[in-house]
Amino acid sequence: MSLNQVITMLGRRLRLALIGGGPGSFIGAMHRQASRLDDHFQVVSAVLSSDPTRSLAAGRELGLDEERIHTKVADMLKAEAARQDGAEVAAIMTPNDSHFPFAKAALENGLDVICDKPMTNTLAEAEELVRLVEDTGLVFCLTHNYTGYPMVRQARAMVGAGQLGDIRLVQVEYVQGGKAREDDPDPAAGPVPWRFDPAKSGPSLVLGDIGSHAHNLVRFITGLEVTEVAAEVGAVVPKRKVHDFAGALLRMEHGVHGCFWVTQAAAGVENCLRIRVSGTRGSLEWMQEHPQVLHFKPLDAPAEIRTPNGPGTLPLAARSSRIVAGHPEGFPDGFANLYSDAAEVIAARRSGRSADPLARHFPTAADGLRGVRFIDSVLASSDQNGAWTAC
Amino acid sequence: MSLNQVITMLGRRLRLALIGGGPGSFIGAMHRQASRLDDHFQVVSAVLSSDPTRSLAAGRELGLDEERIHTKVADMLKAEAARQDGAEVAAIMTPNDSHFPFAKAALENGLDVICDKPMTNTLAEAEELVRLVEDTGLVFCLTHNYTGYPMVRQARAMVGAGQLGDIRLVQVEYVQGGKAREDDPDPAAGPVPWRFDPAKSGPSLVLGDIGSHAHNLVRFITGLEVTEVAAEVGAVVPKRKVHDFAGALLRMEHGVHGCFWVTQAAAGVENCLRIRVSGTRGSLEWMQEHPQVLHFKPLDAPAEIRTPNGPGTLPLAARSSRIVAGHPEGFPDGFANLYSDAAEVIAARRSGRSADPLARHFPTAADGLRGVRFIDSVLASSDQNGAWTAC
Amino acid sequence: MSLNQVITMLGRRLRLALIGGGPGSFIGAMHRQASRLDDHFQVVSAVLSSDPTRSLAAGRELGLDEERIHTKVADMLKAEAARQDGAEVAAIMTPNDSHFPFAKAALENGLDVICDKPMTNTLAEAEELVRLVEDTGLVFCLTHNYTGYPMVRQARAMVGAGQLGDIRLVQVEYVQGGKAREDDPDPAAGPVPWRFDPAKSGPSLVLGDIGSHAHNLVRFITGLEVTEVAAEVGAVVPKRKVHDFAGALLRMEHGVHGCFWVTQAAAGVENCLRIRVSGTRGSLEWMQEHPQVLHFKPLDAPAEIRTPNGPGTLPLAARSSRIVAGHPEGFPDGFANLYSDAAEVIAARRSGRSADPLARHFPTAADGLRGVRFIDSVLASSDQNGAWTAC
Amino acid sequence: MSLNQVITMLGRRLRLALIGGGPGSFIGAMHRQASRLDDHFQVVSAVLSSDPTRSLAAGRELGLDEERIHTKVADMLKAEAARQDGAEVAAIMTPNDSHFPFAKAALENGLDVICDKPMTNTLAEAEELVRLVEDTGLVFCLTHNYTGYPMVRQARAMVGAGQLGDIRLVQVEYVQGGKAREDDPDPAAGPVPWRFDPAKSGPSLVLGDIGSHAHNLVRFITGLEVTEVAAEVGAVVPKRKVHDFAGALLRMEHGVHGCFWVTQAAAGVENCLRIRVSGTRGSLEWMQEHPQVLHFKPLDAPAEIRTPNGPGTLPLAARSSRIVAGHPEGFPDGFANLYSDAAEVIAARRSGRSADPLARHFPTAADGLRGVRFIDSVLASSDQNGAWTAC
């Protein structure tokens, strides 16, 4: 990712239209950060709320021109189509039931599409989208984001390169605790209330939310399809109307057997997406809570800890990492906190307002001075054979 | 970080001038990603190389106007000063010996400064910079980036809130293996050749490179200064001219005692920055290789695993995290890979070139269809009391 | 376990007869070590092989009187019954198909029984044994040894004390790699050849070997029975005749749902028995590969790391641990290596033979001297304000 | 350790006299368990207390003959010397100041000695013991028990075999929290009150208690001596009279540099003895809290997780392990809980008393029946293509 290939190819960033992900949306923030990190996109227009006031405020905060801030997707697509510099790509992060109409409209308007999972709530819609993508030749990217981790891609690449031999067994689990509380089984309020409305979230909350990730991860790493399932789906929280767990035994291509277990009702568990793949030559294990680590257990040699850009990294993984070995993914995020805190203090001073006190924790010149003095003192002490030396 | 406070305050992004971080620089890429992640900055001008051809190519790749791509810092500062929309902030990521003159020049031109560590190579320069920052009232942010991790900030906030009681003991180590190879002790070639030239890297390579981080981390978390050191610095790799290890016993404010150990010659170790702080009420442990985890060991209760936005997260840490609990830092980075791969395939199609095959690993509509079919099959199986059902 | 209650009660150790576990048997060594660790048993007689020569040699090595070393279980039981000081307890560690007849014979001779799992190969035999135990009032202990770990007992005690609230979900897996090699799917030779003969090992190798442990662990910790299963059992290694994997969805008492996955064909995996139990108030996780750690994740508080005799240890766990907090189980085993190495060197000297050179790695008086000198030097250096001091 | 070599050599167990380790002593229990685990010793006599009543009760509990239970070491040595079947080996686990006189007396009486660390409190005593051991030719084993862990021995063997190349750097730390509480800095009461009396515990509590282990571990693994130290020793707990921390920089043979840090005042920390050794070809890391794991980080290959009897295990480690790969040290301890609980229930029934209810948690025949039924049900379900089947 070191070359800004898009700009090199096109001479400019791709123009992106946002559909959803407005105020308070976690996934909306993720989409925007993801679009910015490598600087390949420029957000040019958005539908961030159906409420005009909220939409406008949110759009301004993103630095958008007012005329390109909309409340209806159709309006936005029409307006953008009329511009020379109109949006080229649509990013969809709305409730599940609207993925289909918005993606369809975007594709029909000639936009490439980046869309949240699950792709649609029904099989018929999914099939229609696939046809539409084929017919238009446009790009459709479904944000199964866990497939973006360098070590997940390393796993896929190792399987692809035959380092595991023939695949024999798969175990995947995705265990969360966010829906474990029993006092309000289907909260109508809350950060994502539509999730508890099956008309919007789809036929199975737990399967749409996280089961889809677990299933896709199995396919992504092994390159094999699940061909048959024997399953049990339901809710363990009393009186809950949506599903909060699903288990399945899997039969896969080439005689592979597997196990699938997902739940959002495991109290206290954060976000344990975990996969184990075993082949004739060894096994791989990856867990989302420590995403920079891939365990490889060869048939006849010591177990290995693989990390991004460590020894044995394959090209697909190397391409997917922005860091040097030993610096976990998340390195630029911590770095960004210094930039953003500094930005706030700088902006506050320039605008004559006072900065958020919590922004004033970045190292300053006074800290730099302390650091230089420490180095001097350490060297002075060492020069005097370890004599205690003031800093 | 959910509100784009800078834009709200100023009505626009801060205009950033880059000094250093040109082609092939890891730290340069980090600075730019950090500046983009929260969308508070806009890079407007740069000195990326003293070679005109290289500088121009690198600047164009960042999407800069040609006239704002320079080869000398003084030229850039002068040109930007002459513009209405000139740079407001300078980000310095050059070899250590030039931090001082460039930071000085930037401050004298009225720019806020974001600067790599160590701040300077000499105490006199450090003192002058501190005076200059005080005199100008400008912001100076030193990129001790590990202080930006949410759980490091949680540690600082917990100490500040008295959750550890009085601090008693500190242990810090920063152990790397990047300079363990013995065949070329002071490589003149390599990714950062200036590091092995003491005139540029400063009086002690290991102390400037990583010792400065370890020292600052102690101060950042404990809020206490190191007052005296007894130290040993040197090289264990035969014939090496620069330092590759440093150890020190620490005496700190309030009678705290500590231990400091840094080396870049521990073969096979990646990037083990690790700190332990003990107070009268408990101990904290943090390790950079698993940055999303902070261990808190209370005096009389079970040891705890603290994670970003998990229970007990204090405001300073919450403000520093972009994710919801259980999604490690690095989540947006993985997400960004999908966006960037899609961008490349989109740009390739639009420009009539073929895309890098390694970019074609993002989930497509066909994957989405497979996912919807899987959910349907799981539900059908469950409805039929677990009968095996084709996918 | 600090009081030697058996001796206090009876005035002597219990007299133990061994059935099986002869030369080369791992499980035999485990039984004997387990019987010795707390000094409650004294092995008095044994059937260690059906071959007279081997049986005699093995029995002598255990220090048994020749007249109490047998080749047939019936002979031993008869001979012991005729003695005033005859065996009181039988420990059975033979192939699975003989557990039933030997346990039956032992019980009918008035002996308490300690028996390897699975208890029998058929349901009818199992039911008969239960009746026999009830009729005789004798003790029958089935060595599901994982229930003996302090933190497994802590888990059971926490569930029993309501610390997890109502149980909702269970996940158990037991994954090994010992049968992953494909070149000889059902090795007739090898350390335990009878395992690959269904007549001896029972109807399902993987279920008898490790599935039985996984099932029992679920019951032991939750106190709930599995009431229904939907399962898939088979072999992934081509041409293997016995089972090497089994998966099942579980329905349990009180509406608990669960997932069960066991395999011995996961190449490179050592012995990953792992269980997760979730209730309304929190979740527990335990993994055999780090048996001293129990993770407790409360619904609304930070995740905790529980260790033997750490804060919050319940009486059942405390009683099951021989160590003080922070010293993992296995502490006495490491300690025992010093004793045993010393014993060998001592015995060698006394018998005029030379000791195994590998036994000569225990610290000696010369090491003690070095240690005392080190302490002296450290103190001397500290007394001289940290001056370098020779050791 | 699979052959009972001592019995094979001598035809009997070695006769052991215990000096110290009476009621309530953790280390006493450890010594006895260690002596029993491999069945090479038989405790024949003891001085367990200077109080006759306590000594007698404790000795009886160990099953000793009354005439061989003493209150004075000199008396015991004399009485044992007078017997044909007198003690051959003395195990000393008394306060530090008495190690010297008791070890001296034992050696002078012709007994081999197993002795707790630190060997003595003074250098003169240590030197005299070394001479005495040399003169008598007797065995002296100092119980630096951490050197008995299989993976510590693996580390030593790997260094010895040159797998790390030339050693360059060493870091050792031993961090505990047992003396972190501030309300009673030098508790006169407590499990080991003599520790806070320098006349008994020696010149430095923290160095004698744990610093001696850390120092010995460095020597054991690297095979190199510490030649010079620069150190700081003291107490961070206010008003404490004994030492609770010690730090030192190390110079070792062959130009190796190192760092040493020990404390017992790190609140909440359990028992973190941790060592890192780096050589020209790679680094090793071991931590006592996860003793079954040895991390090996080669210079140019992925980091490895080494475990007892896993691939690459060297003979010294293999000899020191009682288990098969994947079963952590501590396996026999958990196993022993079943035996000991069964013993208690058996003894209770036979003596007509009621057993400790906490002993009634071992699996019984009823559990065995449940297990057999589970296997039957799983197989039946699988035979019916996964139909839900009652257990």
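Letters are used for the chains, namely A, B, C and D, taken in the order the chains are written, and counting of residues starts over at 1 for each.
As a working rule, a residue touches a chain if its C-beta (ideal position, glycine included) is under 8 Å from a C-beta of that chain, and two chains touch if they have at least 3 such contacts.
All values derive from a computational prediction rather than experimental measurement.
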Item to check | Degree value of the rotation bringing chain C onto chain D, based on Cα positions, nearest 5 | outcome: 180
Item to check | Relative to chain B, chain with the most remote C-alpha centre | outcome: C
Checklist outcome for this item: Chain centres from averaged Cα atoms put chain A and chain B apart, in whole Å, by 20
Checklist entry - For chain A and chain D, what's the span in angstrom between their mean Cα positions? => result 48
Item to check | Inter-chain centre distance, chain B versus chain D - centres from mean C-alpha coordinates, in Å | outcome: 43
Item to check | Contacts with 2+ other chains: residues of chain A | outcome: 230-232, 234, 248-249, 251, 269-270, 296, 303, 307, 310, 386-388
Next on the checklist: Using the touch definition from the top, list the residues of chain B that touch chain D in their complex.
Outcome noted: 165, 168-169, 171, 173, 175, 177, 180-182, 230-232, 234, 236-237, 245, 247-249, 251, 255-259, 261, 263, 265-270, 276, 278-283, 296-299, 303, 385-388
Item to check | Sites on chain A touched by chain D in the complex | outcome: 230, 249, 295-296, 300-307, 310-312, 386
